[in-house]
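First subunit A sits with subunit B, and in the next complex the same chain sits with subunit C.
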Partner chain A sequence: MSLLSQSIASGILIGGLYALMSLGMSLNWGVLKIINLAHFSFILLSAYVTYELASVYGWDPFLAILITVPLFGLGGMALQWAFERFRISEFESLLLTFGLFIIFESLASTVWSADFRRIDSAANPYASSSLKIGAISLSIPTLSAFVLAVAIAFGTRYLLDQTHFGRAVRALAHDREIAGAFGVDHRKVSMQLAGLAGAYAALAGVFIAMSSSLFPGIAVEWFGIVFSVVILGGLGSTMGTLLAGIIIGTVGAVATVTWGPSTAPLVVFLILIATLLFKPDGLLGAKGGV
Partner chain B sequence: MLKVESIASGYGSAQALWDVSLEVGEGEIVTIIGPNGAGKSTLVNVLAGIHPAWSGSVNLDGVELTKLASHEVCGAGIAVVPEGRQVFPDMTVADNLEIGGYHPSVRQYRDETYERVIGIFPILADRGGQLAGSMSGGEQQMLAIGRALMARPRYLLLDEPSLGLAPVIVENIFEVLRQINDEGVSVVVVEQNVVEALQLASRGYVLEQGNIVKEASADQLLEDPAVRAAYLGV
Partner chain C sequence: MTSTNRNTSLITLTIAVILWFMPTFRETLDYPVFFLLFGYTLFFWIAQASSWNTFTGFSGYFSFGQGAFFGAGVYAVAVLAVKRDWPLLLTFLVGGIVAAAIGLIIGVVVFRLRELRGEIFALMTLAVAFVMASIARVSPTIDGGQGAPVNNVPLPDFLGDFPTMIFRLGLIVATLAVIAAQWVQRSRLGWGLFSIRDDEDVAETLGVPTFRYKITALLITAFIAGLSGAIHSLQIGYVTIEDVFSIRVPLFVILMSILGGTKHWMGPVVGAIVVVTLNDRLNRAGFQEISDFITGGLLILMIVAVKEGLYLRMRTRPARTAIGFVAGLAIGLALGALDESLITLLAYGLGIAVLAVMLPLSWFARGRSAEAEAKVASHG
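The block that comes next holds the complex of A and B.
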């Protein structure tokens, strides 16, 4: 029983991290019609940069945010600029960013080798620290990622609902031409949104570096989880992504303790397939809306 | 003065406008009539910056609109009520109006413009929180006009505003256009509802197969045998 409640608690927390990894993907796809596999590379590289800053330069891993967020925010903007410049379609974006994904993965292998890398426990006191509530223990990096993911989901919702920028994003998601006729500069707004998505990827990377070992191939393992969360949540849906992250995290964790670790990806993919078949707009997705 | 000279435009290799020239003076109501597929929507979209012109010029009080980026055109003083209304269905009525007033050049007047718009269409204030897609066709048309007015245009373009609406609502809408015009906004209205349009407008153009084939005062067009035969069925 305590094993189950522990795994549910950890599952919910890791679900926050999943949501953080997926939110930018979902916005890019739902609003900008770009399926950006380089998003996974941004998460991976942000994790490695965090590792580098902590292990080599002795930074507190949390402070890595100061570097990775602007870096990958700009990276997201630069990519979107290129997508606009060359009028990349949704399908082309998948192929193109798959190429980028491979390039970034070999870049990571070249710089950090194919070996496992983990921030020394001396440089990363958070990895082994946890908050104990009764019999349940919550790891600090995942707990922080969860809190941040919830804050970011609500913050993003607020931004989309209540600001000029957010209204422009929603108008753009529905009809770029009519939005343009009222002064929405789709190039500028999409670059800003892609920058935001890149920043979210950077944040996810920092928390991954704090809680797990890194190797270049790890990014491939995120595909199933992130695509499941994005589809289950509904393209472009912030609250849907948060909810879906928590569901996938919990289900995966429960499957792991009930049927063994190898069944978790199976269950996650089953959810993905079931969503596509029975609820293709996702839990909270509106067709064409954000 | 909105001065359109020798506009050509189309889609891919299919040309839809050949050599279209027309003028709309300050404070005028002008209508453009023509059969389905004549190029009326293409023309409106070129004027609004939604669709690119292949060649020719659209000049609004000395500003060459064809040279502006599409999101800059509304800042020059032109706003569009597109065919089929095209409100943002998943956004609230209030947010649709906010988008109308999005352009930086008009944002500072937002509250004042909003008061004016809900003075014309009080229903838009009552339904502020409702999703635009859940409103009736007539209400969506009012929203589309309200959204365009939020951009504080000097020239308002309307593409078949009567499309699919009950006659009593059409009458309402045309009455509103008259009122908006009285407040100093020039109006360009594309219509298949030819009688109503010619009664509203002072002048009209007939567009056929991408060419202006006739220009005359609205009264003359109403009397014109060819127009009556083609568009009034008499």
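The block that comes next holds the complex of A and C.
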């Protein structure tokens, strides 16, 4: 029983990390109509930059946020600029970012080799520390990722609901032409939103570097989970993504302790199929809205 | 899009028959065995790229699922022929059928959706390969994570020794894939798929049976990819989950088709020939590490700058293609490539021809080429 409750607790926490990884993807897809596979590369490279700063320069891993967030925020904006410049359609974006994904993956394996890399415990005291509540222990990196994911989901929701920027984003998601007719500068708003998505990817990367081992091929393994979370949550839905992340994380963790670790992807995939069959708009997805 | 007719398929068949007898006259022509293996690699990728394009290129539905279909074929042989002693040729067929069944399931789930069908289809096909990999990893009857040897299978001896046999098997599947693509392109099915690519809602309103057409084309794609994968298992020898379900197969078929052009059956064939030849020579020259950079970069370049692909460009610029190819051969000869191998010489010719075709139009004769372009665009 304690094994089960422990796995549910860690599943919920890891679900926060999944949500953090998926949020930028969901916004990009739902609002900007861009399926950005380079999002995974941003997460991967951010994790490697964190690794580099912590292991080689002795930084506290949390401080890596100061570098990675601006770096990949700008990366997201640059990419969005290029999409607008070359008038890339939704399908072409998938292909183009697939090309980028391949380049970034081989960049990572050129710089950091194809071996497993992990910040050593001296430089990363958080990896082994945990918070104990009764019999359940919560690891610090995933706990912080969870707290941050919840804060970011609510923060983004507030941003979209209450600010001028948010109204412009929602107008864009609804109808690009009409929004333009009402004075929404879609280039500017798109670039800001893409920058935000890049920053979220950077944050996710920092926490991944703190909690697990890295190798260049790991990014491919995130595809299934992140797409399941994005579709289950509903495109562009912030609260939906958070909820979906937690559900997928919990179900995956429970499947792991019940039937073994290799069954987790299978269960996640079945959830994805069920979503597509019975609730294609996602849990909290509103048609065309954000 | 009417530039293919029955004669095209007859010509294809004739070329295939001539190639079939290549190994028979190896003594007379005096070429190294390596040529047969290179030929097989070429056939394998032509089959994979053409089959991918028959669904994706013609219908516009983007598939990352080639690895899943290919993998189904590979494991059909690894499980049935090796562990269960089924006859090898039968397991080839089973590989194709299993792959087609997987395609059918994906199609039935996704094509029923009203919205975002295209995007969801792309992601589903991406996810299916991972799921199949994890099933294979869990199940000891399939793989169990240890990998599976595909040697010691009784090979059909009427096809000759191993290089000859694999060359001929590859040739059969490549011919099948190309002729299927030609048939689809000129048939009613093809016209239906093109209308789906242009505007699916309008096509549906005009009475095109979109669901049935998509499923049919996807079945053709999956079956050929599975069949080709089954044969490829013999070439691999030792099958591992990581290699079979890696992103490599989908990546390369996508690159080849986009490079050659997705709107014509010839596109993937041209793309496969260019990529396989250049890749083979680059690897031989020790540029293995940068080959991924080149692959990704080429993909991006094509999307941004040469959307119609090499084949249609070559058709609008035959002079440039020919001059580039001859110039490439000349450069190769001058550098002494012939001493090494005919393939190196071919790589020079193709490489320079591709560069010549890709350079912006305005660098050469202007008005004439633009006119020719408009002509081809209207005829396809």
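By our rule, the second predicted complex is superposed on the first by the 290 of 290 C-alpha atoms of A that agree within 3 Å, B and C clash if a C-alpha of one lies under 4 Å from a C-alpha of the other, contacts with A are read in each partner's own complex, and residues count from 1 in each chain.
The rule is short, and it goes like this: contacts are C-beta pairs under 8 Å (C-beta built on N, C-alpha and C of every residue); 3 or more make two chains touch, one makes a residue touch a chain.
Quick caveat: nothing in here was measured; it's all calculated off a predicted structure.
Novice: Is subunit A touched at more residues by subunit B or by subunit C?
Specialist: C
Novice: Determine, under the contact definition given at the top, whether A:A168 touches first (subunit B), second (subunit C), both, or neither.
Specialist: first
Novice: Looking at A:I35, would you say it contacts subunit B, subunit C, both, or neither? Reply first, second, both or neither.
Specialist: In the superposed model, A:I35 contacts subunit C only, not subunit B.
Novice: A:F278 in the overlay: touching subunit B, subunit C, both, or neither? Say first, second, both or neither.
Specialist: Neither: A:F278 stays clear of subunit B and subunit C.
Novice: Of the two partner chains, subunit B (first) and subunit C (second), which one does A:A181 touch, if any: first, second, both, or neither?
Specialist: first
Novice: So which bits of subunit A does subunit B touch that subunit C touches too?
Specialist: None.
Novice: Using the touch definition from the top, list the residues of subunit B that touch subunit A in their complex.
Specialist: 48-50, 69-75, 79-80, 82, 86, 88-91, 95, 98-100, 102-105, 107, 147, 151
Novice: Write out the stretch or stretches of subunit A touching subunit B in their complex.
Specialist: 164, 167-168, 170-171, 174-175, 177-186, 286, 288-289
Novice: Where on subunit C does subunit A make contact in their complex?
Specialist: 60, 62, 109-110, 112-116, 118-120, 122-124, 126-128, 130-131, 134-135, 137-138, 247, 251, 254, 258, 289, 292-293, 295-300, 303-304
Novice: Note which residues of subunit A are touching subunit C in the complex, please.
Specialist: Against subunit C, subunit A makes touches at 29, 35, 86, 88, 90-92, 94-96, 98-103, 105-107, 110, 220-221, 223-224, 227-228, 231, 235, 260, 262-263, 265-266, 269, 272-273, 276-277, 280, 287.
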